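Mind having a look at this structure? Questions to follow.
For clarity, chains are labelled A, B, C and D in written order, and residue numbers in each chain start from 1.
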Amino acid sequence: MKALEIEGLTKRFGGLTAARDISFSVEGGEILGLIGPNGSGKSTVMKSILGVERPTSGSVRIKGVEVAGWPPHKIARLGVGMVFQHSRPLHRQTVLENIALALTPDSLWRLLPDPATMAKARAIAERVGLSGVLDRKPATLPFADLRRIELAKAIARDPAVVLVDEPFAGLTARETGAFSELIAEMRHDGRAVLIVDHNVKSMASLADRVFAMYVGERIAEGPPQAVMNDETVRRVYLGGALTTASRPESAFKDAATPFLEVEGVDVFYDRAQALEKVSLHVHQGEFVAVVGLNGAGKTTLFNAISGLIPYRGVIRREGRSLAGVSPASIAAGGIVQAPEGRDLFTDMTVAENLDMGALRLKAGERTERLDWLFDLFPRLKERLRQTAGTLSGGEQQMLTIARALMTKPDLIILDEPTLGLAPIVMEQISKALERLRQTTDITVLLGEQNVTFALPHADRVYVLEHARIVWEGPPGRFAEEAGGRYI
Amino acid sequence: MNHSLRGAGFGAALAVSALATPVLADDAPIKIGVIAENQAVAGSSIPQAAQLAADEINAKGGIGGRKIQLVSYDDHSSSAEAVRAFQRAVNEDHVNAVIASYASEVVLALEPWAARLKTVMITPGAASDVITENIAKNYEANKYTFHGYLTSGSLARLVCASAKDMMVDAYKMKTAVVMSEDAAWTKPLDAGYLKCLPEIGLKVLDEVRFSPNTTDFTPIFNKIEGLKPDVIITGISHVGVQPTVQWKSQQVPIPMFGISSQATNSTFWKDTNGAADGVLFQAVSGPGVAVTPKTLPFVDAFQKKFGNAPSYAGYTAYDEVYMIAEAVKRAGSMDEAKLVTAMEATDYVGTIGRIEFLPKSDPHVHGLRIGKGYITGLFLQWQDGKQVNLWPADLANGKIKFPAFVKVGSAK
Amino acid sequence: MLGWQILIDGFAISSLYALGATGFTLIFGVTGVLNLSHGGLMVAAAVGAWAAGSYWGFGALASAAVGVGACLILALATYGLIVRRLQLTTKIREEEKEIFILTATLLWGIMIQEAIAYLFTNNAKTVLPIVEGVVELAGVRTPKNELFTALICWIAIAGLWLAVNRSRVGKILLAASMNPRGVTLLGVELSRVYLAVWVIYGALAGVAGVLLGMFLGVSSYSAGPLTASAFSIVVLGGLGSVSGSLIAAYVVGYLETLTAYLISPAYREIPALLLLVIVMYVRPRGLLGRR
Amino acid sequence: MARAFGPLLIALVVAFCLAFLPLWVSGYILGLLTTAYYFGVFSMAWDLLFGFANEVNFGPTFLIGLGAYTAGILDSLYQPPIAVCVAAGALAAVLGGVVLALPALRVRGPYFGLTTLVAVLILQNFIVVFADLTGGEIGLTVPDVISVSDKVNYWIALGFMSFSGLVLYGLSRSPVGLILQASGQDAVQAGALGFNVVKHKLASFIVSAFFSGLAGALMVFYLGVASVGTFVDIAVGVQVIVGAVLGGRRTILGGALGAIFLIGAGELLRPLGDLSNFIVSAVALVVVLVFPGGLMGLLGGSREAA
């Protein structure tokens, strides 16, 4: 009997199929990695196991018991523990009390703390390396220790199955090592472990097997190395053969003071470090791509440039620091973002959305600009009177880019323009970018996890990984020098 | 925690020491507690008028050499605060009697406490019949409570008496609709109306009761108008400005006549922007009306001292201090049971008429006796920003006048 | 006849409810704030207009202007002194700010109410009417004031609709209500947007308050019930949906008028309350609510 | 663990000292504090729902009023022993709590808030409509009271508040309280730890309702009267909520502190007359704006502010 068995799991949200016919199993003492880019459906699978989502069809068995449709607390008590990515401990309680909470039986009559529970909590805390901070409040702890609390809570009830969501997000290299050991220990204890993450690399040394998903479907399964070398996986993550059209950095006139300079920028969310000493620059007229997996820090970087979040370090535009400038002034000044979440005005028509980008334009300029945009994205012209919320994902993405372009930006930041889009739509957007690059001298800063999409346009590429820039160079050298760190 | 408590204790202790003096033997002052709603127009006159009476008595040497001392409490229109104040008045400040509140809710909450703590209490303004009914139900326990103002039932009879002269006899009116807010005090009032209006020759076409939270009176007036009565007999207190203004703006062609407590306020004209013109309302006093020889001197003294006219509860509160003082004198002791007997023997001409309490045999024992020779009340009308008295004829200082939109006697 | 009466009377009171609720829902829609001092602001407008008329002898129009002005100033104070402070503070966790804004605006409303009671007593007051007299409408004698009230309400609502859908500022407001971040990213300062919303809100609440004072009369006690009524209508219609609020205002207004005519004026409020409870159980996001 | 019970220890010592207050302060202060103590229980019971179950209940007076009126009506109709009336009041409030919990498990935020508010308005309307039974808006006078002595009433209220504080605070710090807090904070994570969120939230409504109703019923037999203005009006609910937020949310004991502060401050400012309510509201507003941790936060320093 397997500890965890998924068979034919399908989950639909309205017309969207988030997971289709997924089957896998994990035995006690085994670690399975579940990977896939954003929107691949891995979270849906995880939620279905937890009982947060009810599967549309298929079966989820824990220790042979069918649990599909059960409420979460019953599944948990049957033997499923979960390490959440975002820890939300009780802030007024100590670390020990937080762990003891996970050991408390689900009874209304447990009014006094049980000494045996406390002893057990202590023992668990020791195992995950928290014995030094038992009596501290979570608010005073470093981020890694908060993750340890989550880990302790997940194994407190001695579950047969443990789900771990993005275990290494926000951790430093050393902490990552320590965390890997803790997870390996679970395997040693005979638990079935399911690690959910974006890519194989982070868990290559840890997982026994890897199960890869893409747009709701299984694309590969096997030992980590085999999955990393799998053709389909490589295509999804790295794309096929590339033709690049990069221009050398010396081709740009503002070599001394680049248009945009980011220098040693640090960003923290609570105690998790989202950017660590990040430096990059973009020249006037240059097309720069920042590639990195989801959670690497791309959006954080762009939000820092747009002034939306506080940061340490310096960001300069044409040599002048942007510190203290309001996000709206930065945007009004010409650094405009087409954000990852699109941030469209969903109940307004396409025309009205575009008009919102034309607030500072004169009437004549506006028409001229519109004509140019319709030339770039003919689809938008057809959809002019339709409300933005009813557009397809690809059309929404075009509108997002067009709305940003409407403002006549000096620098446009494109954050994950291909997220969740079908290949054919990606192709259309790619063509539009191509034309943009060829027909105008616009400056572009593109953030992508889809390397295939990013590299053909880029003059230079930065690779962002775990909050740091780990590689910089022309796109032509990417595959051989940085491709391996990427899958 | 300690901190705020010490503060509270300290402040209140100061207040207490300023008010309470030790109880001495024979020349100890007669202490009267006054519990009132100081922020409300009607309530604020109560402690002021009582103080005026006490000052007058003390200026003349007090009662048998004993001064009257008042202890005032503000109940913020809250029963809970009034109960607290009553407890303090009796247990702490050792008052001999309490004058309490114009709100029925508050007086009814205090009534059992008067019984429990065996202390004479008299209200200068509450209207609920239940107060006296409770006394009738359990005289021995509740005999400490006196109803120093007109009960709803009495008010109904006074309204009928004046309606007979002013509406039926003068304008040959035959039909009426009763319009009252849905409240406890209007239940006996409406019952009284339904009983006495037919007796004076006014057929009651309907009784319209509406929620006291009503803001839009359009449906109510339309409904009434549809019945084509000659007159609307009112029973309103919680509302007043709103129905009056809408009566005017809708040009309801039927006169409003009856109880309208807010209309007795001197600010009513201003509050309604003059829509009050023509409104007829029952009152126990009116500007410049000498109901008894004591009325005008009281009003003048009050005006001089406090800069405004007293509310209806001010008149009664003023009288009640005198009544208690006389009762103490008659009883010759501070014994509460004797004081009750002495109060029951009250026959006093005050500012609103001659006051006598109904005897034990009456279902409204300790209520005021009404009718000719006792309290008849007045009937006033707002005319050009002034309250003019129209009834009874010997006290009238003006003639009845209606705004143009009111079609008296023609609405058939 | 009765049918016409119900139709006409219900229309006026419903229009007033609609105008009162529109500002409330606008503020919620654009800034996410449930302003529990709403009733206090409306009463301040009415009492301000009343005071201008009876103390300083202003004419009807000038009084009304004073009332609206008073409301506008208080609305800006609500935003500047309370709401903005709470929105910007880092001492309170984001997820707790809602309850803090609710509590703070509630207290602010009580302060306004008590200040009015202190300065002008808690007697009910009526604002000098701009038009007087009556007209016959389908055999129903209707006060011109009632028609005037309905008319102004609709002019104000239509004006708001035009402003939102036809003007640049309006478009920005609309956009901000759908996606505040999107507006920022296009170079518009949200703080200015919010200021504009509060100005519009203050004017709408002011007009509603003055009309209420003119048509029905208000006292400082009305503050709480007015807030509760706006809150109910807005939730019934679906939070943040202006058209939902308009529909809900008419549902409540007519339900109350029907009850008053056909059952008894004493039970006026009850059916509307019960309806609200039923809607909350059956369709928790309100009639036209999106979330 | 010792630290968790520190505040409780201090509170109990303070309560013990307060028990001797009748020896040297006037009956008036005692009456004031008696009311304040009952309000303290109201606020503490509200904080259990708000601070731990994370449910913003705008209608605490729905529960309080049910308790008060059930007890009062029972007493005026049949005059059973007071204890029976009080128990019936608490039971009615518990039933009301369950009724209130049903929408709470379905709708969130402002929607739940409005549902609770409407519950109060409906109760208020029914009290007026069934005036024969309830005494309507002028209130219901009950034939019995617990005692006419202000000292006895004071001790009963103090004892009851201490008992309620002990139970509610103990509950909030007990394993069950922690589960409730976790459920309120994040239902998904609590479920993943094996806790039945629905069960625990329902239980919290029942406990909160029980103490609200019990306090309401006891207060009826202290005042001798049940009235809308004292037990049901929205303004009373506002005072309960402001007391809890002022005292410091999520502290239970802060509720008592805040309620006593509000009533005490209102009394201290009484010489200012009508302005007193204005100033109390203003002070409360300043505390909310400047010290979001409330009075408990101020006393405990910034340590608890998180």
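The criterion applied here is as follows: a contact is a pair of C-beta atoms (placed from the backbone, for glycine too) under 8 Å apart; a residue touches a chain by one contact, two chains touch by 3 or more.
A quick note: this is a predicted structure, and the numbers were derived from the prediction, not measured.
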| query | Count of steps on the shortest touching-chain route from subunit B to subunit D? | reply | 1
| remark: By Cα centroid distance, the chain farthest from subunit C is A
| request: Measure off the straight-line distance from the CA centroid of subunit C to the CA centroid of subunit D, and report it in whole Å. | output: 31
| Computed distance of Cα centres, subunit C from subunit A, in Å | 43
| field | Separation of mean Cα positions, subunit C and subunit B [Å, integer] | value | 37
| Counting only residues that touch at least 2 other chains, which ones in subunit D make the list? | 274
| query | Going by the touch rule set out above, which residues of subunit B reach two or more other chains? | reply | 39, 182, 211
| field | Overlap residues in subunit A, where contacts from two or more other chains coincide | value | none
| note | Full set of chain pairs in contact is A-C, A-D, B-C, B-D, C-D
| note | As the complex stands, subunit C meets subunit B at residues 1-2, 5-6, 9, 12-13, 50, 53-54, 117, 121-129, 132-134, 140-143, 145-146, 212, 215-219, 222, 225, 256-257, 260-261, 264-269
| field | Complex contacts: residues of subunit B adjacent to subunit D | value | 1-2, 4-5, 7-9, 11-13, 15-16, 38-39, 74, 77-80, 83-85, 87-88, 91-92, 103-105, 108-109, 111-113, 116-117, 128, 130, 134, 182-185, 187, 211-212
| Given the complex with subunit C, which residues does subunit A contribute to the contact? | 306, 308, 326-329, 331-333, 336-337, 339, 341, 343-348, 352, 355-357, 359-360, 403-404, 407
| Which of the residues in subunit C end up touching subunit D in this complex? | 34, 82, 85-86, 89, 91-92, 98-100, 102-104, 106-108, 110-111, 114-115, 117-118, 224, 228, 231-232, 235, 239, 266-267, 269-270, 273-274, 276-277, 280-281, 284-286
| query | Across the complex, what residues on subunit D touch subunit B? | reply | 11, 14, 18, 21, 25-29, 31-35, 128, 131, 135-139, 141-143, 145, 148, 150, 219, 223-225, 227, 229-230, 257, 260-261, 264-265, 267-268, 270-271, 273-274, 299
